[in-house]
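One structure below.
Labels A, B, C, D, E and F are assigned to the chains in the order they are written; within every chain, residues are numbered from 1.
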Amino acid sequence: MDTRELHERGLKLRQQIFGEAAVKARMGAFGDFGKPLQNLINTYAYGDVWSRPGLDNRSRSLAVLAMTAALNRPAEFSVHVKGALANGCTPEEIREVLLLIGIYCGIPAANDAHRLALEALGK
Amino acid sequence: MDTRELHERGLKLRQQIFGEAAVKARMGAFGDFGKPLQNLINTYAYGDVWSRPGLDNRSRSLAVLAMTAALNRPAEFSVHVKGALANGCTPEEIREVLLLIGIYCGIPAANDAHRLALEALGK
Amino acid sequence: MDTRELHERGLKLRQQIFGEAAVKARMGAFGDFGKPLQNLINTYAYGDVWSRPGLDNRSRSLAVLAMTAALNRPAEFSVHVKGALANGCTPEEIREVLLLIGIYCGIPAANDAHRLALEALGK
Amino acid sequence: MDTRELHERGLKLRQQIFGEAAVKARMGAFGDFGKPLQNLINTYAYGDVWSRPGLDNRSRSLAVLAMTAALNRPAEFSVHVKGALANGCTPEEIREVLLLIGIYCGIPAANDAHRLALEALGK
Amino acid sequence: MDTRELHERGLKLRQQIFGEAAVKARMGAFGDFGKPLQNLINTYAYGDVWSRPGLDNRSRSLAVLAMTAALNRPAEFSVHVKGALANGCTPEEIREVLLLIGIYCGIPAANDAHRLALEALGK
Amino acid sequence: MDTRELHERGLKLRQQIFGEAAVKARMGAFGDFGKPLQNLINTYAYGDVWSRPGLDNRSRSLAVLAMTAALNRPAEFSVHVKGALANGCTPEEIREVLLLIGIYCGIPAANDAHRLALEALGK
């Protein structure tokens, strides 16, 4: 497949999950300097991996929340809390993943994840 | 609830997911020195968090694979590949999580996770 | 032991180390969404592990500072700087742990830990 | 550009850096299960990012050694020690990066990196 | 060599890379409490490791950016973006390292590094 | 102080904690390639930081166990289990730190630390 098609497919999926305004803001924030990274994200992350069959997007969202909390990357985690809601996860399901984080990544990771999730959920 | 009840409930769930022989081997490997940790695992990890309603065990397994791959903990990751199968995940679904690991945790983490998953899946 | 007793014992120890107002603020900040996590913290972290005999709380505090600095979890680290003082550690003893962090976790971790410790110590 | 072209370009660069036999072994080790990951590596890691102008491959190799040592990923680190030699780095230059690892990531990371580098350098 | 000589040599190199005002501000921010750490940094990090022959400072800067991005240490990363410019790296070369971070450490690490680099580059 | 004096003081302390044979083996394993790193360890880690007054070596050992478990560095952790015994820690005190690791770093880190500690303690 041509990489431009992958890019377009990825950008559409990304907009569908996070909303057009949020994606536009994120892409614009990095300017020309960030174009190659945004291209990687649209083409490979969303146009390729996220677009594969074989797993529902609800499960993908919960797995990405688990990874980004474990990796200690708050900006990405917050973005994906909203994405998880858009992909059909309930706040209660998200909380169950946060409690598993307490067990597998430790209480400080779970505390950080709860604080960020509450902000992103608007609670 | 009494902690002994939680412990019993957790031990049963753990045996159901990983098999009685595997749990017995893991608990025995740490001897007396490891009893307090095994108690934490049975009572709190499985008797409490894993026993909560609100999320299916299939999703929990995928989230724990995501966390333990991100945390770089191969022994725990391998155990939970087998647990994921027991909880109804297919190898293909597991692979989709491993590809997300490549995007969010990086290619080295995905390489390690693939190698461990292939061993645990007996492929 | 009943988990409610563990919870009560843990909450008391937590209040004794960090002060009633600080614990109330932390527990309230997460609302209903955070109740299951706060329950894990009170019951298992403080009611069980921190309440065990076998190690003085001064040593526990220094070890937790070491872990949370290594894990890069600033909010938790700051809370435990104050807890370390309450458990009888001096600022000079805390600094010796921060210098070990420079050796074992690297200079960036030690820089972050110094900045956070100075804020928490009110210096 | 078509992704098959990117894949071919990446595979060639990868073979040039690590040798055809080593790349074949790595790609074969993961079987059919690992094909999507190998595709990501060939197409995006080597066909896209590593093939970009703007930085010499010698500097790329030293940066990747720095990252994989910091990330604690020994298999990937070892592969890239050999790649660094192929890209024109000397063992002495590699050692300077390992000493910086001691300062920025801590002595345990530098110890592990030295052990792995000595093995990969055949010393 | 006497450690005072190492300290002086390191301080001079540090001032040359980051500017006298920035070094003075960083050393002052930690006060008396931070003097032992600042001494470690001047004497060992800059007076010893950074002062060694065997690798150009441009390569050292790119390697340190790679490490501090992988380690998730934003304050240190930002300082070293400026140091990389002073050591002769171009913004485009720095960006190539950030794209490698996307491949080896994952997209969230690359996003964070891009945001911090843009701020430090004043773009 | 002259760095040779620091080096000698550090080497003596290191031998006192870990035994002459173990230190000789570790220093020899890295050969000429590893001499600069061994010099950093003897001079700065043991000749400077570990030789400072202000904290007893028993507390230093427990803090280093906490850090190296959190950092996921098994070789260094194992060495320091033996060092902790030499510095007067009991196996029971070490275990209390390992249980705190379960709470703050997560169960997989505590499992790994228990396995390594049991081996190092010869149990």
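Convention: a residue touches a chain if its C-beta (ideal position, glycine included) is under 8 Å from a C-beta of that chain, and two chains touch if they have at least 3 such contacts.
Worth saying up front: this structure is predicted, and the values here are computed from it rather than measured.
The chain pair B-F and the chain pair A-D differ in C-beta contact count, and the higher one is B-F. When chain D is fitted to chain E on its Cα atoms, the angle of the rotation, on a 0 to 180 scale and to the nearest 5, is 180 degrees. Chain centres here are Cα averages; for chain B and chain E they lie 39 Å apart.
A separation of 30 Å divides the Cα centre of chain C from that of chain E. In whole angstrom, the spacing between the mean C-alpha positions of chain C and chain F is 23.
Of all residues in chain F, those that touch two or more other chains are 36, 40, 44-45, 49, 52, 68, 71-72, 76, 95, 99, 102-109. The residues of chain B lying in touch with chain F in their complex are 29-31, 33-34, 36-37, 40-41, 45, 68, 71-73, 75-76. Those residues of chain F that touch chain C in the shared complex are 44-45, 49-50, 52, 54-55, 59-60, 62-71, 76, 92-93, 95-97, 99-105. Listing the residues of chain C that touch chain E in their complex gives 72, 91, 95, 98-99, 102, 106-112, 114-115, 117-118, 121, 123. Only residues 103-109 of chain A touch chain F when the two sit together in their complex.
Residues 1-3, 6, 36, 40, 43-44, 48-49, 52 of chain F are the ones that touch chain E when the two sit in their complex.
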